[in-house]
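What follows is subunit A paired twice: with subunit B in the first complex and subunit C in the second.
Right after this comes the complex of A and B.
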């Protein structure tokens, strides 16, 4: 299940950022710090995560570390890559 | 409009109770002295000083979605339509018993009173091509509509000194890091209990504003908070937000920007809260 979540998050990023080469995107790519995801796309990413996990995320209490990479998103919202 | 009083008034400051006040005597001298300290800080990076008018074009702020993010803060200069009939109608009953202006037909405002000092630089440098980082500074009268005001600490009109760097990302990050150290040295020298805290800008409807969400997830703003309650300054990393919106580039790449901001009245309030009302005891 976690691999499916990771693949889904990865597929969403590649679809949203078409100029990004798949080889450039690893589980640890800093998607916010390196500006892979812009402020215009961050809300869509949150909506995607909410839809996939079937639960809302409080927009005013989010932790920066949760959204830094595919790995951190999976750990924060989908039980991690290995779990 | 609710009013709250500052714990200790500043001698020479006359509060008008409408979000603004007058400075005389010791208060005026303190404001000038504080701004002189900030100018000394600006000189450390060779920042060139500029002076700007009070209005910014609404179109320029619209390009950075100012009205989507901060509609509650905006103040507009409003003009009557200039046809004679309209002016005559207005002149007959311009102000009512509650001392409110009874506007007749008005022109759609095309300007905004400056909400942040650094916006003037992005307008000034629009379309420019640079070959090295730019360091600039200004002290602008800023205007932010609030739901309540307090003398020196929350004003509709207030003085903001900013030091700005426009350059490559690493140049701006180095600038901001250096200024945190310089500001730390200043507050230690003055003897103000203040520390840096992560912060976000006061967005309208923040939960549904993508820029607010981004600021939460990728911290770009730190405020210098006095006594655990009052932000007296901030350092802000804008990434290439303004570089893209105002087409500022180096070698074909949109430039990054960052600023260090000081709320001069708030610093004056800190001095009087910390050291008392007697100017002889001020540092």
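Right after this comes the complex of A and C.
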């Protein structure tokens, strides 16, 4: 994944959760566990990821652990943070 | 769940209606080998792009092709919703001891299973698959009574929206008779489910709200508002736009979702739902 993908995921979270301070969001912030985003917002996140990848996500990757943090999202759907 | 006298009496009445309307799902619908490509499978006004420049740019065959994929999406999202519903109903069927209510939950389960059978048959026979679900459920903690309230309130939200489609398309003479019949039979059952659901939500809400603070009540209302938005999002499916030949399915989804005409459409379809939520004291931003 490129830095652009990470920045895009980060920007999506900050846009979706306006009350979240940018300094509070790191690559490892537990966005689900800490309820930064809710399960109801996951569908929007999936659609955002699909749009960025220009295609559907493999359903076997759509599991809660893939959405725990920016890092896990990038690893699951964009080839990792350093890919 | 405790059952009050009103819910017991309503269950008794609905049991009689479900028994009178009982049908064999294998014989009640005749399935043609192929669909008529000239027929509308979904009413044009209910197609997610209707009223937008994207719709205006389509010729008549492309509109009918898109309408077929929208029908498959509608039936698919109903399958996903009913899978969750059936699991939740089955889990709750014997959590209380009222035999009339238990009997009605069995009718509810039976009728939802029949709907899934019809939706699945339509999609598998004519599309070859169902459109996949993008919702994910995560385990979370609930206060006592909260999970039951949210479960039945979500069912009610989902079914109010669905039923607005069914009620209109079940009577729409332009529709292919098969699609029209599925919508109508779905509506007949859902009318009972909605009566039951609204009564159940009222009882669960009164009980839960009497035990929780204003902040929790606000959270419940906000959650239902967010759930309604998420439910609507499923009606704007990029897989549909891709299958219908759109080059940029995600851009199409965003353009359709944000267009004033589709916002107005959603507001119109949700009028009964919004009125019911307000009556129940569950509309977002309502004072505690």
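Going forward, the second predicted complex is superposed on the first by the 78 of 83 C-alpha atoms of A that agree within 3 Å, B and C clash if a C-alpha of one lies under 4 Å from a C-alpha of the other, contacts with A are read in each partner's own complex, and residues count from 1 in each chain.
Note that a contact is a pair of C-beta atoms (placed from the backbone, for glycine too) under 8 Å apart; a residue touches a chain by one contact, two chains touch by 3 or more.
This structure is a prediction, so every number in the text was calculated from the model and none was measured.
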{"item": "Contacts of A:40 with subunit B and subunit C, given as first, second, both or neither", "value": "both"}
{"item": "Which superposed partner A:32 touches (first subunit B, second subunit C, both, neither)", "value": "both"}
{"item": "Touching partner for A:51 - first (subunit B), second (subunit C), both, neither", "value": "second"}
{"item": "Touched partner set for A:4, first subunit B, second subunit C, both or neither", "value": "neither"}
{"item": "Which superposed partner A:67 touches (first subunit B, second subunit C, both, neither)", "value": "both"}
{"item": "Partner chain in contact with A:59 - subunit B first, subunit C second, else both or neither", "value": "both"}
{"item": "Subunit B versus subunit C, judged by how many residues of subunit A each one touches", "value": "C"}
{"item": "Where subunit A meets both subunit C and subunit B, residue numbers", "value": "32, 38-40, 42-43, 46, 59, 62, 64, 67"}
{"item": "Contact set on subunit A toward subunit B in their complex", "value": "32-33, 35, 38-40, 42-43, 46, 59-60, 62, 64, 66-67"}
{"item": "Of all residues in subunit B, those that touch subunit A in their complex", "value": "206-208, 210-214, 216-219, 239"}
{"item": "Interface residues, subunit A side, partner subunit C - complex", "value": "32, 38-44, 46-47, 50-51, 54, 56, 59, 62-64, 67"}
{"item": "Parts of subunit C lying in touch with subunit A, wherever the complex brings them together", "value": "132, 134-138, 140, 223, 226-227, 229-230, 233-234, 238-239, 250-251, 253-254"}
